[in-house]
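First the structure, which I've put down as structure tokens, then a few questions once you've had a look.
Naming follows writing order (A, B, C, D, E, F, G and H), and every chain is counted from residue 1.
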Amino acid sequence: MADSGSTPISDKPPIVRLDLPRTQRIDLPEAVYCQGKTVDQCLSIVTEMLEREEDAVIATRATPEQISALRELNPTDEVERTLTWQHRPPTSKRVAIVSAGTSDLPVAREAALTVAAMGHETIMVTDVGVTGLHRLIDSLPEFSKADVIIALAGMEGALPTVLAGLVGQPLIAVPTSVGYGSSFDGATALLSMMASCAPGVVVVGIDNGYGAACAAHRILAARL
Amino acid sequence: MADSGSTPISDKPPIVRLDLPRTQRIDLPEAVYCQGKTVDQCLSIVTEMLEREEDAVIATRATPEQISALRELNPTDEVERTLTWQHRPPTSKRVAIVSAGTSDLPVAREAALTVAAMGHETIMVTDVGVTGLHRLIDSLPEFSKADVIIALAGMEGALPTVLAGLVGQPLIAVPTSVGYGSSFDGATALLSMMASCAPGVVVVGIDNGYGAACAAHRILAARL
Amino acid sequence: MADSGSTPISDKPPIVRLDLPRTQRIDLPEAVYCQGKTVDQCLSIVTEMLEREEDAVIATRATPEQISALRELNPTDEVERTLTWQHRPPTSKRVAIVSAGTSDLPVAREAALTVAAMGHETIMVTDVGVTGLHRLIDSLPEFSKADVIIALAGMEGALPTVLAGLVGQPLIAVPTSVGYGSSFDGATALLSMMASCAPGVVVVGIDNGYGAACAAHRILAARL
Amino acid sequence: MADSGSTPISDKPPIVRLDLPRTQRIDLPEAVYCQGKTVDQCLSIVTEMLEREEDAVIATRATPEQISALRELNPTDEVERTLTWQHRPPTSKRVAIVSAGTSDLPVAREAALTVAAMGHETIMVTDVGVTGLHRLIDSLPEFSKADVIIALAGMEGALPTVLAGLVGQPLIAVPTSVGYGSSFDGATALLSMMASCAPGVVVVGIDNGYGAACAAHRILAARL
Amino acid sequence: MADSGSTPISDKPPIVRLDLPRTQRIDLPEAVYCQGKTVDQCLSIVTEMLEREEDAVIATRATPEQISALRELNPTDEVERTLTWQHRPPTSKRVAIVSAGTSDLPVAREAALTVAAMGHETIMVTDVGVTGLHRLIDSLPEFSKADVIIALAGMEGALPTVLAGLVGQPLIAVPTSVGYGSSFDGATALLSMMASCAPGVVVVGIDNGYGAACAAHRILAARL
Amino acid sequence: MADSGSTPISDKPPIVRLDLPRTQRIDLPEAVYCQGKTVDQCLSIVTEMLEREEDAVIATRATPEQISALRELNPTDEVERTLTWQHRPPTSKRVAIVSAGTSDLPVAREAALTVAAMGHETIMVTDVGVTGLHRLIDSLPEFSKADVIIALAGMEGALPTVLAGLVGQPLIAVPTSVGYGSSFDGATALLSMMASCAPGVVVVGIDNGYGAACAAHRILAARL
Amino acid sequence: MADSGSTPISDKPPIVRLDLPRTQRIDLPEAVYCQGKTVDQCLSIVTEMLEREEDAVIATRATPEQISALRELNPTDEVERTLTWQHRPPTSKRVAIVSAGTSDLPVAREAALTVAAMGHETIMVTDVGVTGLHRLIDSLPEFSKADVIIALAGMEGALPTVLAGLVGQPLIAVPTSVGYGSSFDGATALLSMMASCAPGVVVVGIDNGYGAACAAHRILAARL
Amino acid sequence: MADSGSTPISDKPPIVRLDLPRTQRIDLPEAVYCQGKTVDQCLSIVTEMLEREEDAVIATRATPEQISALRELNPTDEVERTLTWQHRPPTSKRVAIVSAGTSDLPVAREAALTVAAMGHETIMVTDVGVTGLHRLIDSLPEFSKADVIIALAGMEGALPTVLAGLVGQPLIAVPTSVGYGSSFDGATALLSMMASCAPGVVVVGIDNGYGAACAAHRILAARL
């Protein structure tokens, strides 16, 4: 019944609906996107997921304050802006996560932790920027162990393009906001990866390590 | 008389003109856009409107400091960045306000409070992102109670497009700045909604919950 | 059964699905978007819709060649790039369609013909650009007859903003690609309308007269 | 020896190097990107590849004039802008190629023909735009047959986002330049797909059906 | 003599050259653009100009800290981010400075103070946004007193376009960064003013009140 | 009376309103913007203006076909895309129109012809690009004869910035679409002129020679 | 003397000034930028330069029609859109011009012909896209012969970045408009090159082979 | 061995590879890009480079906190955001570094310190903005001493274009983020420099003083 004049909007609770059957539907757990949420919202959502779900729980883009609070819920693992609980049992699949330098690490590790929560092994390869090609070429044996490769790059974003000419595995490119000026907060890397001359490079959003990991899981879980 | 050399500009009061007859002309009250104003300016403008006008008074985009000060003026209701006074009497009209998650709430509630100040009832529906379609489809009975629907979305902004294929009511889309990286502060959602393949989706500016509510009121007040 | 090696892709017919129950669901007929289709595709789709549906049929963005062919199907009415068949019975609702000049006419008339196909009356008002305000103010009596107003503008797109301060009806803004240079094919007008300081302006895509008409119909059909 | 003054640049043949071992290295054949090449260049490159390589040969983005000439080389199959020769032997893998309408067909069929040249089966699903959700949901049984899904969309590009919430397979999104005005030649769809709220959507460049097929092959060929 | 190895760059003073004859050349004094300068740099440059020049001295875009320090140099006048010294003698010319609301005041007053330093009188008109046209029309008598008009607007930037249809004087438009979301920090207003359908609107950069005042002075000083 | 079902939209004449008192209001004649109009529309509008108005008549952005037809109406003068009739009587004012090269001539001459139609004298100065500064400096005596200067530039658009440091007159900058690639159809020149470090440069839209001339006339007609 | 009313603008010859001493000043000849010029203008400018100058003459961006006409003037050499006359005497310097494929050839050869007109030798290396790294690495001996390297790339523009990690010579990057969709007419390559992680890559405008050659000449002519 | 379930990602050290042979390969030392690194990472990387390499060490884009810590490592020289150790022995080459004002100094001095670390002499020229051309022209004797010129400019970025018409040396342009509003954080200057009408201007990324210095070194080290 309409009574907007009497019930303040500030007292009106929004109707919330959880996507609990997501795991059954697409084999990926619902993640908690912390950005723009209060600490209390993050805590209560993760608590509810821990209580009710049996799948892995992942919280991404958490602020230092949110992380401090979420630590009380005993996460399985935690890196810069990401926390996980209840990892899935290990599989025998491996994902290589490649980046040009240490500035990409927060995004690389968001991807790695999500991959790990799905039960897959990660191989981290850093400092293989295309300016020192020999480092990339020397790393080929490590890439050969991987079933899927996630390649991160900021600035001009050339790393996935070069790598895609060297290896035949599925290759997921992640543009990062690393760089300044002409990097335009990752937009340059994003465009560069989308226009790649290398065949079969696929791209996720800027700094979206979580999305890259989910894409990797879709591939690893495929019934091929 | 010209005497710029003697009267300092800092002492020259600007000539101010109020748009008092706005309610009579277009049946919408003038709102106080707080962003870029001093606390004192906000206080004196709201005070004057409370004293002189008989219509609802709405203050939007207020900072925490402005909100603290404006609370002294006994607002009728208050949410994150919005305060209202002197709501219009209730009508029998209903506006559904739909969003994908809790991060959109400040904009959703700016819209809701403005709708309420106009006297209309609001139906808040949250957590119906298009990734869990069943939640959206399960909510259709609630939408069917609404005369107008306001649909908010950040990131890729697909919610209004999908919803417009399911319901026939007027549908006002609000792109929000929720998301990071490729969301480009709401620009992606804005473009996506403007290019919607669904027939009859209309769009207001990024994060403009107030504008969406005014558009809803124009529809509800139409003499149909 | 998989036999890609033997069945040429060029012989593989795509699986086509029509959205026939659209009218029942959202009270809007499926329109034929001609751009990018062959003449034969346009002809066969319109023919099928004429045979099977009982709702109005609308073809938009047709090329001169497509129009010549579609004329054989005896359209009810036809303007620059739009044709219609089987108009709905007349209602008593009126839509004013306002534009600044004759260059906006193809988009204005796409909107008008779609409105007419839905059974509503249209009031066309041209040459009321904001540079000659008196013309706009002199036209207010005509706008007062309308239940909904569609306002088109290219270049700086100021017309809907000014009009929204003068009338209280629902106001749908359509940015057009009229202009050159700094008009950037309608992007300037789109941005200007999205950032309008006037309360309750809603916007559809560039040159999307059809979408504006559908939005108008959603409002006119609302059970208010 | 330096003699630029005597040897005209117009007589100086550029040094050309073929990437013949690409198949051995990354299991993808070098494709002929016809855009910007002369008919003679296209003919001689394809001829050489037919003579020397044993892998599939693919020519993309060919103009009508180039296609007429290339037909003399007896292609295995041919669609709008794509021709293929020497398809690989059939595998038992299937790729679903999904699009919203017939305007996306040239890009969809570029993807399909490339997939077929690699030996995989294709399942074409058209007319499943998100405005008529039931069509998409009715098609789920067909998607369940596919190992990988390629989803094309122009305009607001919402199709891959919605689909990613319904199926768990690897999902490759292709923004197309279908649409006008606010579609900005595919840029809107590209941004929308990059900012998708659905987990694990990966994206290739605008209209890049060939690239999507190569990405699908990387997945199908993975030793999982 | 080259000795970079021995003389540290940090000890190498840059060669500085003042543009002292600017007033003689173009009748405009060199202003001190404070943004990006240290407090000491601002102080020493203004001090030197006060000692050596006989023209007005203007400091723009000063931070609160810079303003505190510059106050010690006894400015003739000071507003939000601008200070002046040594105003030119009064002329009989008048510049109207028009804006839609109080949020534009810092830019409006930067323009006003610069105009005053040149010796011209200013007429400030505020709260004449195009949504309440009657306020603008009621102000026409005041505009008729002005030799030049400077019109500021943020958001959709329509004010100069409307005003240019009502008055015949030189009209300088200043886009401001007032607004949020779709205002894109003034870019929307800038584009809108550049694409204005009104004849003879000229535009300066976003928030550039100083530049608008200089343009006004060029006009007022013209030997007509 | 509403009868959309019976009266075809194609037979419904739009309501047209002329802005005849524009000359009295702002001392600028209404110009005919030919782009997007049919030849017949151009002819009938110019004919009507010639019959009814006593002010100058200006047609801009005319196509070759439109120009052929309009020549039948005996224009007073004609350049690339512009025609004029009924010039105002000569004044003693002079406008210098400056450009870097011959590619800017169509825009430069649109400005010149409009200036001439208002009765002012024009001084054309070409080939003074900033790469050959001596040519610009050698031309200073010619600029000194002008009351107002219009400076056109494509590519990087530096000419007005450099000129504004050399002369004190009102200076109107016109970005042109001359150039390719990084010139981005005039957007680069537009941005460069808007961000000019030179004091008092004002800018009109890309290729808008007509607008620059109107701005010059506003200045020349000012009662200073 | 002011007489705009009597002397038609169409009869008023623009004042033209040639930059004849350019060679003496900066050791680069003035080139004829043909785009936007008439055939007659091109012919007369080249004729005059041939008669009066003793330096090389270069015409760029010529249309097929302009080229046909200019051939009458007996060019020394000619490629796609470029013609030259009066080459400078040979030097012993070499410029390598590197590109990924044949689509870049028109820009590569514009650079090559300009380099040759300056008297330097060119080394053309094609088909060394970064997807087949071995081709690039195999070409290193050829690059080692060059004093300066010009590297062209369209699409993602990664070639100069990779090359800059392999060679120490001056490296001039040229983004080309080769590619479609996400290449955005060369803007993607331009951004990618500007944000390059490789040290010391310098960039010229999109498709600006002439500019790259001039930059190379500045380096080769340096008194080192 | 796969054990992602047991080894936390937070304990997994990334595999790091240094590009030690960079100096041998391209004669440029690897620099430490501090942005996005922790203080400890900066310290350990610089320490390792000081211990192991014999080439110059350069740290760029350091924050105040990073600078405080790095000072403990006894840098050879230090300016705003840049520190260097172990300069190469002096050469007899000179680089002029030119900027329009003091706001460009942090970028100018990043370039200067990098040049100095390579052993070359620097000539700093400030306050030569194109608005006071005489200052630039008066400085020509100083430029004549330089082997290479680096020209920085923010806002409209015209300085390199003007300078390139006056001097024949290699000229490297650096767009800076100096300015506000229409300067768009350096994007305007970047575009302006890329579209320069002056022959042979080359450009590096926004604020990339380090890159400009490396480009200068490539030229100075060339075996000409």
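Just so it is clear, a contact is a pair of C-beta atoms (placed from the backbone, for glycine too) under 8 Å apart; a residue touches a chain by one contact, two chains touch by 3 or more.
Just so we're clear, the structure is a prediction, and the values are computed from it rather than from any experiment.
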**Q.** Chains touching both subunit E and subunit F
**A.** C, H
Q. Which listed pair, B-C, A-B or C-F, reproduces E-F with over half its contact pairs identical?
A. B-C
**Q.** Separation of subunit A from subunit C, taking each centre as the mean of its C-alpha atoms, in whole Å
**A.** 41
Q. Counting in whole Å, what is the centre-to-centre distance of subunit E and subunit H, each centre being its mean C-alpha position?
A. 33
Q | Whole-Å gap between the CA centroids of subunit F and subunit H | A | 44
Q | Rounded Å distance between subunit C and subunit G, as computed from the means of their C-alpha atoms | A | 47
Q) Mind pulling the subunit D residues that touch 2 or more other chains? A) 22, 93, 129, 131-132, 164-166, 181-184, 187, 190, 194-196, 199, 205-206
Q: Please give all chain pairs that are in touch with each other.
A: A-B, A-D, A-G, A-H, B-C, B-D, B-E, C-D, C-E, C-F, D-G, E-F, E-H, F-G, F-H, G-H
Q) Hey, which residues of subunit D end up touching subunit B in the complex? A) 100, 129-133, 137, 155-158, 161-162, 164-166, 179, 181-184, 187-189, 191-199
Q. What does subunit E use to touch subunit B in their complex?
A. 76-79, 87, 89-94, 101-103, 105, 108-109, 112-113, 115-116, 119-122, 124-129, 131-132, 134-135, 138-139, 142, 178, 180-184
Q) Hey, which residues of subunit E end up touching subunit H in the complex? A) 2-6, 8-10, 12-19, 21-22, 33, 35-37, 41, 61, 175, 177, 185-187, 190, 205-208
(Q) Residue numbers of subunit C touching subunit B in their complex, please. (A) 22, 25-28, 31, 93, 147-148, 164-172, 190, 194-196, 199-206, 210-211, 214-224
